[in-house]
Amino acid sequence: MMEIRLMSYGGLKDITGSDALGFAIPQQAVSVTELKELLLARYPALEGKTFRIAVNERFVEGEFEVGSGDNVALMPPFSGG
Amino acid sequence: MMEIRLMSYGGLKDITGSDALGFAIPQQAVSVTELKELLLARYPALEGKTFRIAVNERFVEGEFEVGSGDNVALMPPFSGG
Amino acid sequence: MSDKKPKNIFVEGPISPVKIGEDIAHHQKKTNIGAHSIFMGQVRADSVEAAKVSAIEYTAHQEMALSTMHEIREAIFAKYPLTCLHITHSLGVVKAGEICLFVFASAVHRKEAIDACEEVVERIKKELPIWGKEIFAGDQYQWKENRG
Amino acid sequence: MSDKKPKNIFVEGPISPVKIGEDIAHHQKKTNIGAHSIFMGQVRADSVEAAKVSAIEYTAHQEMALSTMHEIREAIFAKYPLTCLHITHSLGVVKAGEICLFVFASAVHRKEAIDACEEVVERIKKELPIWGKEIFAGDQYQWKENRG
């Protein structure tokens, strides 16, 4: 059991309901792929959305391991400028 | 015998001595090629200079005929901006 | 010249045209500059179905945006012989007609200034974690998407 | 929009950065604009042997310059979907550090504004009958030549 800090940007904020919240995970550590499954289970509206995940301000994917207290940012395609 | 109005631009003004002057021509009409020869004879420093000729605000060359009262502009390469 | 520490690029609200004029004036001391290239993004009152965009509200992942912008600056200075490069992007609400992005590249010759400015604009649009929320009259909104 | 009659592009002396800021501000009413691309030429204090350029004095064949600029405008509006295009070029003395050329292209999307602005700058340099006389300290001068 651990908690990560989940930050949602752009339109994803409308799905998670907050730009920053604690997100509890039953394991001690998860891969990014596993985290995505947990997120989809908790927020079904994420299904089909395009987004990238940054952990502690670096883009990560696949087997990268997410641990307790990490800052996890969900980022949809950028639209600055 | 006729006179044209000779306008000199950029560095060519330093050669003809004026930005606008009357230029007498012994014939009634000359081609641009003939005019160039007359200009080189009158202003030897034009030799080897790159320039184009516009008559009444249009670029002309070769057999184009220059007549009495025409505005003849001598224009070196442009350097605006 | 490129710096070691990421510079801030964000301002709250729109970018003032008066400020842009002042920025241009400040470069008159640098008499080795021959060419300035500027890009400005302006919020469009786009029509979506019956509604018109009245403003865009910008949010960003600021730390990631600034560190990415720093990398872009370093790459641009390595690639082009620029005299200077200034970037400003709005956060928060920018109304239709107001300026939200200002990129200002200066160099000895025009080609470098023009090419660098364009490349910075393209990279900002693609790489900076910034999001625009298009706001319509009556609290409705949709999330902006950049064209390729 | 393109006009039937050639517009004047010439101003006596340098182009004021304050005026440029005001020009930008005037475009905030046009809420269909999404992108502005600006090019500015600035007089460089180039060194030639021991001497430094202190100013450039511009002269032009004004009638030919304006009619050629009119043709360029028509061609640019035919090629790019621009919202507007403004051009200003100095005549007379412009000191080192001051602005002598201002090209301002606006469009719905950035690509058109950027490409049109660059093309106008290139065509101005190549096609407008304008000459710059580089003035050094102590009345010396040489005639400027544009790089390709």
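Think of it as A, B, C and D in the order they're written, each chain with its own count starting at 1.
To be clear about the criterion, contacts are C-beta pairs under 8 Å (C-beta built on N, C-alpha and C of every residue); 3 or more make two chains touch, one makes a residue touch a chain.
Since the model is a prediction, treat every value here as computed from it, not as a measurement.
**Q** By label order, what chains touch chain B and chain D together?
**A** Common contact partners of chain B and chain D, which must touch each of the two, are absent.
**Q** CA centre of chain C versus CA centre of chain D: separation in Å?
**A** The computed centroid separation for chain C versus chain D comes out at 23 Å.
**Q** Just the number, please: Cα centre separation of chain A and chain C in whole Å.
**A** The computed centroid separation for chain A versus chain C comes out at 28 Å.
**Q** What whole-number Å value describes the gap between the mean CA coordinates of chain A and chain D?
**A** 50
**Q** Between chain A and chain B, what is the separation of their C-alpha centroids in Å?
**A** 75
**Q** Give the residues of chain C touching no fewer than two other chains, as numbers and ranges.
**A** Within chain C, residues 41, 110, 121 contact more than one other chain.
**Q** Going by the contact rule already set, what residues in chain B reach two or more other chains?
**A** Residues 81 of chain B each touch two or more of the other chains.
**Q** Any two chains that touch count here, so list every such pair.
**A** A-C, B-D, C-D
**Q** Within their complex, state which residues of chain A touch chain C.
**A** 7, 9-11, 19, 54, 57, 73, 75-81
**Q** Taking the complex as given, what residues does chain C use to touch chain A?
**A** Of all residues in chain C, those touching chain A are 41, 58-61, 63-65, 67, 89, 100-101, 121, 124-133, 143-146.
**Q** Sort out for me which residues of chain C touch chain D in the complex.
**A** Within the complex, chain C contacts chain D at residues 17-22, 24-25, 27-45, 96-99, 106, 108-110, 113-114, 118, 121, 147.
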